[in-house]
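Dropping the structure in here first, questions after.
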Amino acid sequence: MLVVMERNATPELVARVCEEIQKMGLKAHPMEGTQRTAIGVTGNDGQVDSDRILTLKGVRDILRITPSYKLVSREHKPEDTIVTVGNASIGGREFAVMAGPCSVENRDQCLTIAEKVAASGAKIFRGGAFKPRTSPYSFQGLGEKGLEILAEVREKFGLVIVTEAMDTETLDMVASYTDIVQIGARNMQNYSLLKKAGRADKPVLLKRGISATLDELLMAAEYVMAEGNENVILCERGVRSASNHSHNVLDLSAVPFVKKYSHLPIIADPSHGTGSRDRVMPLSRAALAAGADGLLIEVHHEPSKALSDAAQAISPEDFEGLMKVMRQMAPVIDRTLP
Amino acid sequence: MLVVMERNATPELVARVCEEIQKMGLKAHPMEGTQRTAIGVTGNDGQVDSDRILTLKGVRDILRITPSYKLVSREHKPEDTIVTVGNASIGGREFAVMAGPCSVENRDQCLTIAEKVAASGAKIFRGGAFKPRTSPYSFQGLGEKGLEILAEVREKFGLVIVTEAMDTETLDMVASYTDIVQIGARNMQNYSLLKKAGRADKPVLLKRGISATLDELLMAAEYVMAEGNENVILCERGVRSASNHSHNVLDLSAVPFVKKYSHLPIIADPSHGTGSRDRVMPLSRAALAAGADGLLIEVHHEPSKALSDAAQAISPEDFEGLMKVMRQMAPVIDRTLP
Amino acid sequence: MLVVMERNATPELVARVCEEIQKMGLKAHPMEGTQRTAIGVTGNDGQVDSDRILTLKGVRDILRITPSYKLVSREHKPEDTIVTVGNASIGGREFAVMAGPCSVENRDQCLTIAEKVAASGAKIFRGGAFKPRTSPYSFQGLGEKGLEILAEVREKFGLVIVTEAMDTETLDMVASYTDIVQIGARNMQNYSLLKKAGRADKPVLLKRGISATLDELLMAAEYVMAEGNENVILCERGVRSASNHSHNVLDLSAVPFVKKYSHLPIIADPSHGTGSRDRVMPLSRAALAAGADGLLIEVHHEPSKALSDAAQAISPEDFEGLMKVMRQMAPVIDRTLP
Amino acid sequence: MLVVMERNATPELVARVCEEIQKMGLKAHPMEGTQRTAIGVTGNDGQVDSDRILTLKGVRDILRITPSYKLVSREHKPEDTIVTVGNASIGGREFAVMAGPCSVENRDQCLTIAEKVAASGAKIFRGGAFKPRTSPYSFQGLGEKGLEILAEVREKFGLVIVTEAMDTETLDMVASYTDIVQIGARNMQNYSLLKKAGRADKPVLLKRGISATLDELLMAAEYVMAEGNENVILCERGVRSASNHSHNVLDLSAVPFVKKYSHLPIIADPSHGTGSRDRVMPLSRAALAAGADGLLIEVHHEPSKALSDAAQAISPEDFEGLMKVMRQMAPVIDRTLP
């Protein structure tokens, strides 16, 4: 940490601040600059709220060095984490594709879509049984009935299942049906849910909050890992910006950032990340090209009858076309597609 | 809803879209414009996912009319909601001041601060027993022990208590101790928590999410009200922006917006809204002047030793000064301060 | 500046980075921390692009201490700058109110509005003769004809005039008519225009860019001051955010920030800052309460016929009511209103 | 346009609003809905400020249909615009790569870099002679001397030149040396500059403003085209967001959006779009995969001595590697790379 003093801070004032810093159990390294004095601070293991220093007279600002994530950091674990579930894996050479409808609407819908996405090469099937909806009057998902349908999909097509758990009360139930537990964007900082997911014995797919920084995303993953669950998959799904042409801006630069500072795999969700069918295809290819470890993508056989997210689901035919293109593109950056 | 057609859409295409809209159970009103045709759509009570229309050929865009909030809207209930708790009320003529530390740290700290803020005129005491922290390694609050201290504060000083419930598992416990249940910004779209709070018999203080739109805030309040709890207090606490001089930008224009479209009271949190002690005082005055119904404000007697949010807590002396100024200012806009 | 090393950087690597820093003409102060080494850097007077250090092996990140603004900083000039023009002043005890239409539409419109705002106590008249419009097909202003009308307003009512200069080609002409030259939000980083305004002999009203940080705003003012013009008035006019209920979010915390770090006066523009008549009144009061030095506010006698910004102009009657309320409020925070 | 009435608006009020709309020369189409009445409005060719309608009693909100861009729209010109300059073209099958240093620092630097990027296949050379810098004390570019160096680069290596014009005063001079005139992000809404560029006889590279919406970007291009210059190339270069890991968020979804609604070519600038060398490579590949028509990319042979943007320039060796990868990737999506 670096404490920046006011320009006109006297040597006495600097000395007093150094003293106070030492009283907090930290070490102070004053450095005189051309315009002002700064004080380097070492020895903080995260227990001292550094904001306190801001309350001292003569202090103009403080610059913090590092996010305090540990377990998720690449410095802690240099090699890539590869999450393996059934015959799928996320974070290795194979690009992981998770496809399916936004919501589990009924058995026929799921079986129809699952058959098609499996035929196109997807190994993981997505579908929401519990749906977080902005309005309490919108379709809220089929609940456990939906989970049963998902289990049937696994049975029938050998697909790995990923579905969302919305609260601590139903997390165990969800985990008992699914292969991967998804934590949605709205719950990225629902710490009670993160802790409970950290104690589940299933991998966790953690979506970035709607305007979360990447440090916050990694800290959320740290909550899961700190409870003992090492199988965390991150997911970039777009952030809010002042731009209004899209629900969100899919921030693909998150991919190289996460790859540099963390060993965890990261996938992209171009469906929520763009909110628009036309943009799902190009952004899917872009996610692969940017180095993402996989995709979470909405596919619906009858988008015009979908109960949710109708505008962003692509058809099974488009999905097949996309898979073909990505299969050709992958080897160029040393990846494979099933 | 207005369906905007592509400029070159033929009359046949327009007719086909109208037909499809009618098949969805809605009514279509085509209107030929100078540049393109638009189709007004009526009859949607919120059950049809309007995104479906975007999937039809020839459709360029759709414009949605209204957020589907009902119970929270002023159209539903024209008169202001006034939430009364003990000898305090929020939403009436009296400006409601909720003051206290960020975290309940120990008994002495709370009693010391509570005595001072009560003496300055605050009727409501704030303090977190369960703390949502970005890092799992930061102080997480005293839990039930903290709630007991808060209960003692109420006992001793006659203050109304407000404290946060972080999850569905502890909400009942929190509600059994506190007078007002706070739902934090990170949980604004934790719908399971909102629903449970909607079944509690205590008023709910609902904080705006870090980049939530006001429609999303009102829809979150709708979740609470739809479960039968009519005592919801909204709280503006700053939104993220590209500006970096402040943790957040306190969006005081939220106050007149909410007042216009909803009957619910809305207060402001200048502590989180600015993140900086120096700005808490002017923004508190500004919140009053903008028409807010009250303040949620962090006060600490020893900010330099606070366990959380040290940079934004003001001293009891500054708080007293602030109350004096606001007491003089209030009558000008027809409000009172205790 | 603080250079943050990778956690696993060897002492040799740290030494090499220190050496490179010294080669750049700067001084390196290595500090070993619990988790990693950091290197304090002093001696940079702004001539070395600190980004270069990021290119050195073993460097994880750099933290920059200070914006390089000098002339605008309070450290450079501790006392408040008061800009005096005619019988008006901005930055002193008197709250400065600049009122008038968005655009100068014709002589009658200006004289009508000017008479009314003068009667309500405004000393400064605003009105655009050159209008920056998003569409090339929208009304672009009357140009010099508009400036002549503004000059007549000054003549007739003794009002001080403020109007926008859009480019270097017309700045001299604008400056020859007006008392204060406005630089609009879209041009905040039009450095050629800023430099030319810095050589004009009229005060400059500099509006914050639509998503400019305050450091960028102050650096833009530095451009003007560096050319010799010391009379700069800053203006907060709202920043973009993810929130969609308002054109912009009026960031009143900019006021105490600027007051702390700069000696320049800062006013608020609640008309553009909210985009909605209903919110102009409460936010105007809030700006005063937050400590702003004045207001820039749109008033139109026939909003339903305005050629631009019809939704945000208030009527002369509402303006009069607002002035009355603010006149009562001002003394509480030790200000006066004419 | 759709006018949304208050829920409790009486039939008389609706009738009055319709009447007023007709007085404005527009046509009103009232539609009674389940919750409220809406009024479709047709006949506005952009001359009427639709905000006026908001001032009528009983009106809750208005929804606007279309941005008024015309010349830039695909509806106006269905086929893709291909800008051809020398032996390069932008917008056709060949992916256009513009590479070079941020600033023209001296002759040697430019010749060295130019030789290398040309050898790797770039046909267009970038380099700033006039530099818009946040601080007036930073290196401001070599001016005309820099333009001469760029002309020598063209001479020597047959490269097409693109460089920025910062103001109306120097635009003609810049245009006389360069092949493509760049308008920078800070000047995207400098309408005087846009108009002048519209009268130049060189193609214009228009960069998206730092938080501009795509409609605003297209309207800025409309300013150029409205003056007669049809050769406009758009450039996505990142937008501000609340996320702090990156200078900006490169918004690749802008590419399919622009492709859908406009005929103009759009390229991406991953250097400014990420601000970090490590992310330039993956985001360059992603831009190609997303369907962009080219890249604007910073290359420097000695990044650690660069006078500006040192952190984001890649080395000529990395550039060569990137070109190789992209050359393999391009055919998959039916493009070529030189």
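Per-chain residue numbering starts at 1, and chain names A, B, C and D are given in the order in which the chains are listed.
Keep this in mind: contacts are C-beta pairs under 8 Å (C-beta built on N, C-alpha and C of every residue); 3 or more make two chains touch, one makes a residue touch a chain.
Remember, it's a predicted structure, so these values are computed and weren't measured experimentally.
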Would you say A-C or A-B is joined by more C-beta pairs in contact?
A-B
For B-C, find its twin among B-D, A-D or C-D: the pair where over half of the contact pairs carry the same residue numbers.
A-D
Hey, how far is the Cα centre of chain A from the one of chain C, in Å?
37
In angstrom, rounded to a whole number, how far apart do the mean CA points of chain A and chain B lie?
26
At which residue positions does chain B touch at least two other chains?
210-211, 240-242, 244
State the interface residues of chain C toward chain A in the complex, per the touch definition above.
2, 4, 6-8, 29, 31-36, 38, 40, 42-45, 61, 63-66, 75, 210-211, 240-242, 244
Contacts from chain D onto chain A in the complex sit at residues 211-215, 239-246, 249-257, 260, 273-274, 276, 278-279, 281-283, 285-291, 325, 328-329, 332-333
The residues of chain D that touch chain C in their complex are 20, 46, 49, 51-52, 54-56, 68-70, 132-139, 166-170, 186-187, 189-193, 195, 209-211, 216, 219, 222-223, 226, 240, 242, 277, 303-312
